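Each structure below is given as C-alpha cells.
You will see chain A twice below: alongside chain B first, and alongside chain C after that.
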Partner chain A sequence: MRLMYKRAAPHGSSKVFCAGVLGFVALVMLAGCSESDPEPETPGTRALVSLVTAEQYRNSLSYIFGPGVDLQVEFAPVARTEGLLANSAAIAGIGSSQLQGIQGVAASVASQVLDTKHRNYLVPCRPESIDGPDEACATRFLSRVGRLLFRRALTDDEVAMHVKQAGSAAEQLESFYAGLEIALEGMLISPEGLFVVERAEPDPENPGQLRLDAYSLASRLSYFLWNSAPDDELLAAAESGELQASGGLERAVDRMLASPRLAEGMRAFLDDMFAFDEVKTLTKDSTIYPEFTRVTAEDAREQTLRTSIEHLLANDGDYRDLFTTRSTVMSPALAIIYGVPAEPGWTPHTFPDDSPRSGLLTQVSFLSLHAHPGRSSVTLRGQALRERFLCQTVPEPPPGIDFSVVSNPDANYPTQRQRVRAHLETPSCAGCHRITDPIGLSLERFDGAGGFRLTENGAVIDASGGLDGFEFEGAVGLGKALRENPELPRCLVQRVYSYGTGAPPAMEARPALDYFNAEFAARGYRLRELLRTIALSKAFSRVQNDPGEESNPEYQEESRISVASSR
Partner chain B sequence: MSQWNRRRVLKGMLNGVGVSVALPFLDVFLDGNGTALASGAPMPVRFGTWGYGLGGTSGIFVPKKTGAGYDLPEEIASWAPVRDDVNLFTNGSAFPDSSPNRNHFTGWVVSRTGVAPEIDSVPTETIDVTVAKQIGRATRFNSLTATATADARDTYSFMNASTPNTPEWSPLQFYNLLFGADFQDPNAEEFTLDPRIIARRSVLSGVMEQSRSMMKVVGAADRERLDQYFTGLRQLETQFEQRLTKPDPIASCLPPGEAPVNPLMDKSADAVRLRHQMMTELMVMAIACDQTRVFNMTYSAAFSSIIKPGYPKPHHTCTHEEPVDERTGYQQNASWFTRRAMESWVDFVEAFKKIPEGDGTLLDNVLILGTTDVGYARTHAIDGMPVFLAGRAGGKGKSGMHIDLKGGSVSQVGYTALRLLGIDKSSWGTLSNESSEVIHEVVA
Partner chain C sequence: MSQFEAANTLHNCPLSLRTISAAALLMSLGSVAMAGAPDGGRIGYVLTERHWALYQTEGAREECPQGFNIGPREQYDELFPEDSGVERTEVDTRLMREGRRFHRTTADEDPFPFHDAQGTTAYGLNLDGKVSDEDFLSPEGEDGIDNQLHRAIGCISIYRGPDGTFYHFSNLFMYGNAYNRWMIELSGVDDLANDNEVTVTFYRGLDDLVTDASGKGFVAGGTQRVDMRWGQSFIQEVQGSIVDGVLTTQPTDRTKFPWSFPGIGGGFHLFRDFQLKLTLTPKTAEGILAGYVDVEQYNHRLNRNWTTHHQSYGQLSAASLYRAMKRLADGHPDPDTGANTAISAAVDVIMHQVHIVHPGQQSAD
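For the complex of A and B:
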C-alpha cells in the first residue's frame, strides 16, 4: 500500500518542525568482531508466506516459457517498510480486482504458450490427436511447468488433478491444446504460484533448531540473488538433497553468483533500495524544466542502475566508491541535462576531474527525485541521503502545528540557503533540519531537474555543507564524506540481509549483522562477497518457526494460553 | 418470454459449443412508473466514494447558512450546478483518542472507517468494502477503484491494513477492463457464449481446492490473506457465471464506442482534471451498465502533489510554505488548488446527473461519500473537517443541506450513509468516533 501516507513526500524545505531525534535504525556493530570470527549463533529469521512481485512473476514465466511470450504483468503496489518494498511481501494480500488482473495475464500467457507459434517448442511432446485429451502428453507438459511454477515437484495426485482438468477441457472444447491452455491458466493463478510458502524442518546438524526445507531454501536463494523462482538445476539440487549436503549450498550459491542472472537480481535489489518505484510518477513542471521529460526520468533511473551494476558486479568495485566514481553511462535525453555532447544509445561517460559531478548523489536520478516539481529541495535531498544510504529515519513533523514561523514573509530571498535559514534558527525545527539541510545545501548547485547551476535568481550559490561532523564544499565533498561514513556500508548490509530474508532484521539478528559487516569490510566492501557471506550463513537458512505447526489448532490454543498467562 | 425463460433456453441450447442467438431487443425496460426494472426488481442503489487531499480554508469554504439553499463561499463557488444534490457537512473532527495523530492519514481514515489508526496502516476495512460485501456481489466487479493522479498507489480504499484496492490509473486500461473483450453489452441483440468460460469455471474449482489445502499449512495471519485471495476467486467465479447468461437490457447503458487515447500523465492541475473527467466518464457508464454497484475515485492523494504550472511548489508543499496573503487573509495558491479539487468534485457529481435512469437520473440512485484528510489545509488540523454526501440513495436520502457537525466526529456521516443504504448496523466506529445516530436532516 503506497499509500497516501507512506510515500508522502516528506515535508518540504521550510516546513518541518520536529524537535525530534534522529532515529537510527542501523544496528550498531559490537566491539571485538573481526574478520576471522566465526558466524555467531543466532535464532535465524521467521519462515514467511510472501506474495511474489510482478517482476518475480514475470521473470519466472520468462524463464519457463522464454522471451517470446509477451508478459504484461502489473501487480498492486505495496508499501515501503523500513526502507524496502521487499519487506512488505510477507504481509501483502491480493484484492479481488488484483486477482482479476492476474487472471487476465494468466489467460494471455496460456493462450500464447499454446498457440501454433509457440507450442511446438514449449510442449515437449505431440498428442496422438489434437482433437481431444492425451493424458501422457498433458502429464509431461503440466508436471514440468507445475514444478517450475510452484517451485517444487508436484505430487502424483496434483499432477493427476491438473491432467484431469486439461482432459475435461479438451473434451469440452474438442482440442488438446485448448484443454492444456485452460489447465495452464488455472496453474498461473494458483496460490501455489503466487504465494511463496516457506516450510521448516528440524536441522539435523543442530538438534532443537529449525531450518528451511530444501525447496524453501532454494526459493529464498533464488528470489534473493535472481529475483526469480529457482531454475531447473537449483530445484534438482533441492530434490536430490544435494543443496543441503556438504558443500552443496556453496556450489549452488557460487553458480548463482557467477550467472548473468545475478545482474538482473541486483538491479531489482538496488531499484528497491534506491526507491526507484517513485520514478514511475516523477514529473517536473514543464514551464520551469522543459528539458525534463518522462524519457529523462526513466533514463536517469537506468543510468544509476547501470552505473551501479557495472561498478559493483562487472568491476567488482568497492561499494563506497559508488559515491565518488566519475564513471557512468550517458543517453541522449540525459546529455541535455548534463550539458554534454549527445551520442546515440547508451555510451560510457567519464566526468573530468574538475567536474562538479562525482558519484550517485550527483546523478540526475537522485537530484531530480528528491526535489520539487519546480525547484530543488535541501530537506528532501538530505532526508533521502539519510534514509536511503544510511538507513536512518528522519521523523515527520508533528501534526497540527502552526507553520507560520517558517512561512518566510519575504519571498524575495534569492537562494535556498537564505530561505531555509528559518529552519535552523527556530529551535523546534532545528532538531530535524540540522540533520538534513546541511546535506541538501551542498547539492544546491544542482537544480530540481538535476542540471548544474552556479547562481540562483542572480545570486551566487554557496554550496558549503556538512555531514555528521564533516564540513565540505559542494557535492564532491559530500560524496567523499559519505564514502567515509561508517554507516554507509552497514546500511547496505542491513538492506541486503533484509531483502534476502524478506523482513526487517529483528533485534536478535544483531550479532549476525555485525558478523556480515566485519566480513564485508574484510573483503573490500565487494557486493558479490557480501551476497555470498549472507547466502551461506546460518542466519539466512535457519528459521524460528514452522508455519505448518502454527496452523495446528492445538498450537494456536497453546499460544493463546501462553499469551493470556503472561499478561 | 421472461428473462429467466430466455436463459433456460440458452442453457438448453449450449451443449458445449459456442452459440450466437439473436434476441428481440426490449424497448420497454422499465415498469409503468419508471421506478423499477422491467423484471420487477427495484432500481439498484449504488454507493461510491470520492477523495481529495488537503481540506480547504474554512473562512472561504464553509457556508454561513445551514440547511437547504446554503450559500457558496468562494472556495466552493463552483458547486452551483450541484449544490442541491450535495449535502455538505462541515466542522467535523477526527478524534485520535489515545492514538497518535498520523499526519495526512488519521483524518481520512476516521472518515472512512470510524476508527483512529494507531500506526501507519488502515485499522479495518474502509466503508466501501463494508458496503460492497452487502451490495457488490451480484455484479461483474464487486467494486471499482480509480485515480486521476496517474499513480497506482493513490487509493483510499482498503480491504484491510495490507490490502489496498489498487486504483485504475490509465483511462485506456480502465476502458479495456470495463468495455474490452470481456464486456457483455446488456443491450446487444446477439448473445454469444464462449464455451471456454465453462471450462475455466471448472478449473477455478480446482484452484479453490488448492487454496483450501494451503490454508491448512499456514498460520492465522497468513490464513486471513489466503482467505482474501479466496474471496477474489469467488468473484472470478461470479464473473464467469455472468458470462454464461444473457444480461437484462439496461436502457441507460451506452458504452463508449472506442477506446480513449491516454492523455498527458503529468501532475499539472489541467492534466489531472482531464484524467479525472475521463476516468469518471468510464466509471459512471460502468455503473449505469450495472458492471458494479460500488466505486471509488481519488482526485488527489492526501499529500497532493498536483502542480500549478509556473508555480514552483506542489499543492502539499504550498499549504505549508505559502504565506497568508495579508489582503485576502488566506493562502492564495493553496486555495487555488482547493478550488480545482472542488471543480472536479462537481464534474464527478454532474456525471451521474447526466445519466437518465427511470424517471430521474443515476444520481437519484447513488450515494457518494466525499472525504479529505484535514480541515484547515495550512495547519493540517483534524478538526474543522468537511465531508460531502451526494445523491439520494434511491429516494431514502435528502440532498442539498448544509449541516454543522459542531465539532462532532466525521464518522457520523459514514454511519448515516450506511443506514441510508439499508445496512443494518447499530453503530459504526470506535471510541470517540463511534456513531450510532443518523443525521436526520438528510433522511427522507
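For the complex of A and C:
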C-alpha cells in the first residue's frame, strides 16, 4: 500500500500522469484494499495549540447563548497553507489590536446575555438580591458557561476565581448582573477559550504511544465535524470517560454525523477547500460585466456550497459526481449570468442534458473566481483545478516574464487559445502552462464572469482541452475527465484529514491516507463515510507530542540538554 | 455611465439622444438579424426608464422662446403680494389655491399667461393617421405626429430633462416602486427582426428590477412574476408586427398604464389608442409608447401623487396646466358636449429583457 500512494507532486513537470498508469494504480489499489483491511499503524499527528476561527467562535457562542444574541465577530485573516486556511490555525496568534476587537465582541455579548431581555432564560438561577453578589447563583452560571467556553469542566479554583471576580464587580457596581457581566467578558477573551490546546495522555491500549485526552478528542471531533466547540453531550461523554470507552467514540461520531450541525461543519470545510474566502475580494470590471455584482459573487459561493452539501450529505452522493451533476440551486442574481429565470430566494434548478453546464467547474463561483477582472483566464482556471481539486502545486511564474505576449490585444489573435499559444512557445513558460492551459481552454466558452458564450471577438471558440492524458471537448468533457481522475478523491481525502487534524499530513501519514483512500473508494466515495472513517481512526486521535508538556520549562530544559548531547 | 445618466445627458441635446439611438439601432440590427426566434417564440421586457417625450433644444430657444411658465409660488406672489396692505384669510388664499388643484375648472380664464411649446418638431406617433395643422414633424422627418401634451408641458421646467424634478423623480420612483413594474411579452415570434404577426401582452410584474454592478443601470436577464392578483387591470393583449427590428403594435381602445409614486396607490394613466413603437434586441426594447391620455385622469393622478410643495420645485401650476390640457386636448370627444377628453402624448421608454414567469409555471428551465 505504501507504494501505491502517490503524493501530490510538488512541481508541475511531474504532474502529467499517464492515464493508463493511473488507471492501473487505481485498480491495484481497489483490489488490494478491501473493507476489512485494518488501519495501518502510524505515529499520528502532532497535538496543536490552535486559534479558533471567527466562525468557530461565533458558532460556539451561538450554541451557548442561542441565536438571539447578535454576534459580529471578525478575526484577522490567516494565510493559506497547503490548500487550507485550517492548516494555519496552529501558527496563528492574536495581536494587541485584534485582542481589542475581540474584547469589543466579548463586551457586547456579555452585555446582551445579561440584559433584561435575555438573562431570565440564559441565567439558570435568580440571585437573592440583584443589588449585590450572589455566590451560589454566580457559581451555577459561570461554571456552566465556562465549561462550554473552555471545552472542559472548570477546576474548583478556576470557578472560585471567576465567582470572586463577579462578586467584587457586583459590589462595586451594586448589581449582581453587572458583576456577572464583567466575569463573563473576562471568560470570553480568555486564552482558554480563544485557543484550543490539545493535550496528550498515554494510550492504555498502546503502551509507549500518546493519544489525545478525552476533552481534546472531543474538541478535535467537534471542530472537524461541526466547526464549533463540543456540545454539552459530547463534553459529558468526555467527562465520564464514555468517549474513550469501548464503542463510545463510534456512538459520539455517529451522533455528530447524524446531526444537522454536520452541514454547517462541512460548509466550513468546503468553503476552506474551495478557497471561497477569496470571494470577499472578488471584483469584476463593471464596464465589461455589468451584470456581475457583489450579490452575484456571494450567491455564487452560496450556490456551490448548497450544491455540494445537498449532493454530498442530503443525497449521500458520490463525491466525484459533483463534477458532472446538473442539479444545483438558483438565485435571481445568478440566474442573470446563467441566462435562466429564477424566482426570489433559492430554488432547485436542473440544467438540461444539452446544457453546457454540468458540475462545479461550470458554476459561476469557479469560473469567475479563477479569471481576471475583465476576461477569462485559461491559466488561472487550470491552476485552480489542479491546486484545489487535485492537491497539486503549480509553481509561480519565473521572474521577468513579459506578460504583454499574452495580454496584448491583437486583432490577429481574437481568442484566448491563440493568445496563450505564446505560453507554449516560450520555454520558460511552457513547463507549467502545459499542465494548466489545456484545462482552462476547455472552459473558454465561459467568460470571466461565468457567462456562456460561443464566440470571442467574433471568432468561434474552440473549447477542446486535455487533462492528464484525456482529451475532450468543452466543460462537460472536462468534468467527466476530472471525475475519472484518481487524484480527485485522493485530494479530498488529504484535505479532509488535514482539515480535521489541523495541519498538512506528514510523510509518515501516508499509510493512513492510503487506508482512508481505500475505504473511501470501497464505500462509494461518500463524504459522510469518509468523515466517519477518519474520525474513528487511530491516525485521528493518536498524537506524537503533548504541547502542555512541551511548554513546561523542565521539558524545554531536558530537550535542550538532549539536543546538546546529541551534538 | 448609467442609463439614467445617459438619458439625462442625451436629453440635453436633441441631436445626441436620437443620433446615438440611431447608431445603437444600426448596431443592434446586426444582432437582431442574428437573433432569430427567441426561445419558444417568446420574449419579455420590463420597463426600466420612462419620461414624457419632449423635444428639447439647447436653452429651450426653439420650443420656449417666450420663456418657461411660472408655478404655484410665483402665481401666489402675484395674486397676493405681501406689500399690498390687504388683510387676507387662509381660506381665501392658500386653501383657495389648493382647492383649485382638486376642483379643477375651466370656467374662468387663467389669470396668468400660459406658454405653450412652440415649433413644429416633436416626438410621438401619428395616432389618428392624419396630417393636420397642429401636428408635428418628428426629428426623423415623419409627418403627422400627434403630441399635444408636448405643447402643454414642454415649457414647464419640472418636466424637462435632465434636471426637472418630475423628470428625475418620476423615473426614480418607477424603479423603486413595484406598482410600476410594467412589462410586455411578445409571443409567436418567429424572428425578432422581422415578423408580420406577433402577439404582445401587457402585464404588471411583482419583482424588483435587477441593477448592474454600479447600482444605477439595469441589466437584461432578470425574472418577473406576473401580478395576477392586483395587476389584472393592467393585463391586455394586442397584435403587432416587427419590421427591421422595430415592433409596432395595433392601437388599443383603452390601456391602463401604471405611473405611481411611493406610498400612493393607484397612480396610473389611461391611454386611448395606445400604441408601441420599439426597437428590439435580445436584451432591450427602446422607443416610444404613445396614445391619447385621459385629461381628467392625468390631472387626478398628478395631484394625488405630487403635492403643491413638489410642484413648486419646477414651476408646475396644476390649475394652469389643467386649463392648457383641456384647451389642447385633441382626441376622444365627449359624446354629449363634443369637448375632447384626451390629449395626444408620447413617452420615451427603455425596457430590458426579462424572463416572465406566469402563475403555476416553474421558473427553472
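The working rule: the second predicted complex is superposed on the first by the 508 of 567 C-alpha atoms of A that agree within 3 Å, B and C clash if a C-alpha of one lies under 4 Å from a C-alpha of the other, contacts with A are read in each partner's own complex, and residues count from 1 in each chain.
Going forward, contacts are C-beta pairs under 8 Å (C-beta built on N, C-alpha and C of every residue); 3 or more make two chains touch, one makes a residue touch a chain.
Everything numeric here is computed off the predicted structure, so don't read it as measured data.
S.K.: Looking at chain A, does chain C or chain B touch more of its residues?
M.R.: When the residues of chain A touched by each partner are counted, B comes out ahead.
S.K.: By the touch definition at the top of the document, which applies to A:Val496: first (chain B), second (chain C), both, or neither?
M.R.: In the superposed model, A:Val496 contacts neither chain B nor chain C.
S.K.: Mind working out whether A:Leu360 is in touch with chain B, chain C, both or neither, as first, second, both or neither?
M.R.: Neither partner.
S.K.: So, A:Ala335: does it touch chain B (first), chain C (second), both, or neither?
M.R.: second
S.K.: Between chain B (first) and chain C (second), which does A:Thr347 come into contact with in this model arrangement: first, second, both, or neither?
M.R.: second
S.K.: Going by the contact rule set out at the top, does A:Ser96 touch chain B (first), chain C (second), both, or neither?
M.R.: First partner only.
S.K.: Regarding the shared-chain residue A:Ala371, is it in contact with chain B (first), chain C (second), both, or neither?
M.R.: After superposing on A, A:Ala371 lies clear of both chain B and chain C.
S.K.: Can A:Ser286 be said to touch chain B (first), chain C (second), both, or neither?
M.R.: both
S.K.: Answer with first, second, both or neither: which of chain B and chain C does A:Ile189 touch in the superposed model?
M.R.: first
S.K.: Which parts of chain A are touched by chain B and by chain C alike?
M.R.: 286, 294
S.K.: Using the touch definition from the top, list the residues of chain B that touch chain A in their complex.
M.R.: 16, 53, 101-106, 108, 120-122, 141-145, 149-156, 158-166, 195-196, 198-200, 202-204, 206-207, 210-211, 214-220, 222-226, 228-229, 231-233, 235-236, 239, 265-268, 301-303, 305, 307, 309-314, 316-317, 320-324, 373, 378-382
S.K.: Looking at the complex, which residues from chain A come into contact with chain B?
M.R.: Residues in contact with chain B: 1-9, 11-15, 49, 51, 74, 76-79, 88, 91-100, 103, 161-162, 165, 168-169, 172-173, 178-179, 182-183, 185-186, 189-192, 194-195, 197, 199, 280-281, 283, 285-288, 294, 372-375, 396-404, 406-409, 411, 448, 545, 547-548, 550-551, 556.
S.K.: Considering the complex alone, what residue numbers of chain C touch chain A?
M.R.: 207, 210-215, 217, 219-223, 225, 355, 357, 363-365
S.K.: Which residues of chain A touch chain C in the complex?
M.R.: 284, 286, 289-294, 330, 332-333, 335-337, 339-344, 347-352
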